[in-house]
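First chain written, first letter: the chains are A, B and C, and each begins at residue 1.
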Amino acid sequence: MDALWQDAPVDRGAHEEELVVDIAGFEGPLDLLLHLARSQRVDLSRISVLALAEQYIAFIERARSIRIELAADYLVMAAWLAYLKSRLLIPQQAKDEGPSGEEMASALAFRLKRLEAMRDAATRLVNRSRLGRDIFARGAPEHIVPEKKSGYDASLYDLLTAYALLRQRQAITQVTIEKRHVWSLADARLILARMVGTLDDWTALDHFLIRYMTSPKERATAIASSFAASLEMVREGRLEIRQEGAFAPIYLRRGPRPIDAAMLAEMEAARG
Amino acid sequence: MAEAQRYLPGLPEEEDELDEIALDPRLLEEAERIAEALVFASAQPVSETYIASRLPRGIDVGPVMSRLKAIYASRGVNLVQVADHWAFRTAADLSFVVQTDEQEIRKLSRAALEVLAIIAYHQPVTRAEIEDIRGVQTSKGTLDVLMEAGWVRFRGRRRTPGRPVTFGTTRDFLDHFGLEEIRDLPGIEELKGAGLLSGRVPSNLHIPVPVGEDELSENEDPITQMDLEELGLLTPKAEEDD
Amino acid sequence: MAEAQRYLPGLPEEEDELDEIALDPRLLEEAERIAEALVFASAQPVSETYIASRLPRGIDVGPVMSRLKAIYASRGVNLVQVADHWAFRTAADLSFVVQTDEQEIRKLSRAALEVLAIIAYHQPVTRAEIEDIRGVQTSKGTLDVLMEAGWVRFRGRRRTPGRPVTFGTTRDFLDHFGLEEIRDLPGIEELKGAGLLSGRVPSNLHIPVPVGEDELSENEDPITQMDLEELGLLTPKAEEDD
């Protein structure tokens, strides 16, 4: 039991120096992945996703080994990549209808390309000749063009701001309790739904889940919530669970009434 | 340019080269002067509809604006189109001489700029889609800043379950970045061609997006230590997976 | 006029008519463009000395300004000299076009914005309900302003004791704020997501989904002519609330 929770032996010294990248400098796991992909120095459409997944996982492992606090989303991505890696390495079984490792890899490559394209677009946009900096309007306008019929002006933004402030002002008297660092059942359910949604085969998902998604502080709540959520999902037929014996690994797979994309979207929307 | 010169005041006009409808050249000249005065006098872009409403009867606003645009194309002040509006702006190549130290331009954070680009290229776009592209949650205040700057607006709602609100850019955005229309965004055609704008990753290839803050939703209670102990009995035994 | 034509871009220049000093015509053209842009972008008339300081070396500011003045003399906008300063002004004969015969555009007060937002989200809503939400009395003037703007209208009467009048928004309201339908107003999640509401919203804060504008709800009666007359007479006590 305890073995699982033991952190990988801390190998300080040599490795610590290598980790020069400041995790806080990244805007999320995709940003980090893009950075790592660029270090492969090839066109994004020709990157090795397997190598990328390994690099990312190694990066996360090192960050953890020197006890850098990692935000949950970095760990979610690590779990997903570990799963992707296993799909890429193990030949696909004939009856397996889920997306192949290659399909998952190309989806990831697409996302990296798209993010990079948007980054470039942002740069090109901001470097255009801009009004008020490079291009100027009439400095001494002589009239205001009456665009509006009403004689009054207000933007939707003004309106919404006024409303939000008003409603918030009223609510200010409410007591708020300090936020606790917990995985809610809804969080756990959503994470499970995302990860199991596409699995046709038995997978010991708790490995990925526990290994990558939790910081030591969060482990108790993560286990409690995800286990409770998984039981609930089994009851609903969303999931199937198999365990060979007491303390054996727990295998999960898609249930007879799996969570489809629409339901997932709904859950995400509800989660905000 | 030839088109422009023809109606330039003070130049002799060749009668035989006029449009089929024999428009009084004086009337056309007058229309040009009016349009010019209207747009020149305003700092904000002026709608073509409004200009049209001020022109002499029987004059088509489109050709008038095209001629004016051509006349001013080579000058220090250009007539530019912003969506269906018109404005006079200093020529971009004169930026070095018109610039002063006082001009203050809003500095956007990298994240805000990225969100702005995504909204511009993908509009109408929902917040979930923005987050899907960036792979991170949009921090509070990012959209806020863009809306306050007047570059981004709520457009409407997507006709899908949940009817999520969509975002788009404004005319001020076009004006600020010197764009006539959204299709003028740099590289937008290539991006479209490469499938990077419309291409949504198939939903079954979903890559996790962060869950976000660890807040409890309204209908939940925090898990207590006691719950944990209770659940701890059920904790699956796990093995190292590598 | 002949003077002006000579330097108009795109027109052939006759070499032999140039000034004694054989200045590069491209340089002269550039000087004109710079002077033009400077005067255009300035909030105040620009001094000739300042313009001179910005022109390419060796160019005399006087002739440049005279030529520009001649070019613009017949146009809708004129370049005028005020003492030793230069400014663009709408041609005197066109002042009727530019004159703002239209009423001045006023900004809505904070109170009016709040009332408008409440009506938009909570319609059909009575005045008492508006006051309940705002926690202050609403002056008659505030509602009048919104009615005058054409954004708010009497919808009907609530079928409750006293039959209070209900308010709702108009088609013009939707047009002005760029909404297709009233349900397009962002909800609580979207306000939060856009950073307009802080994340720490109490769980009991409820933002209604606004209902369609045309049909009366079950507990509303239509407004009759008589009601309207009555309403006109009934001037509620007015107290400014801001």
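Methods note: a residue touches a chain if its C-beta (ideal position, glycine included) is under 8 Å from a C-beta of that chain, and two chains touch if they have at least 3 such contacts.
Each chain and its UniProt protein: A = Segregation and condensation protein A; B, C = Segregation and condensation protein B.
This one's a predicted model, so the numbers in the text were calculated from it and none came from an experiment.
By count of C-beta pairs in contact, A-B exceeds the other of the chain pairs A-C and A-B. Relative to the whole-protein C-alpha centroid, the nearest chain centroid is that of B. Put simply, the C-alpha centre of chain B and that of chain C have 18 angstrom between them. A straight line joining the Cα centres of chain A and chain C is 41 Å long.
Each chain gets one centre point, the mean of its Cα atoms, and the points for chain A and chain B are 28 Å apart.
The set of chain C residues touching two or more other chains comprises 37, 40-41, 88, 90, 98, 178-179, 186, 192-194, 196, 198. Residue positions 136-139, 142-144, 146, 155-156, 160, 269, 272 of chain A are each in touch with at least two other chains. Residue ranges of chain B in contact with chain C, taken from their complex: 1, 4-5, 8-11, 32-38, 40-41, 54, 74-77, 88, 90-91, 94, 97-98, 127, 138, 140-145, 147, 153-157, 163-165, 213, 215, 218. On the side of chain C, the complex with chain A involves touching residues 37, 40-44, 87-90, 98-100, 102-108, 110, 113-114, 116-118, 120-121, 133-135, 145, 148-151, 172, 176-179, 185-186, 189, 191-194, 196-198, 200-202, 204-205, 207.
Of all the residues in chain A, the ones that touch chain C in their complex are 136-140, 142-144, 146, 148-156, 158-164, 166-168, 170-171, 174, 176, 269, 272. Those residues of chain A that touch chain B in the shared complex are 1, 3-4, 27-31, 33, 71-73, 76-77, 79-80, 82, 98-99, 103-104, 107-108, 110-111, 113-115, 117-122, 124-126, 128-139, 141-147, 155-157, 160, 179-187, 190-191, 194-195, 197-198, 204, 206-208, 210-211, 220-221, 223-225, 227-228, 243, 246-250, 261-262, 264-266, 268-272.
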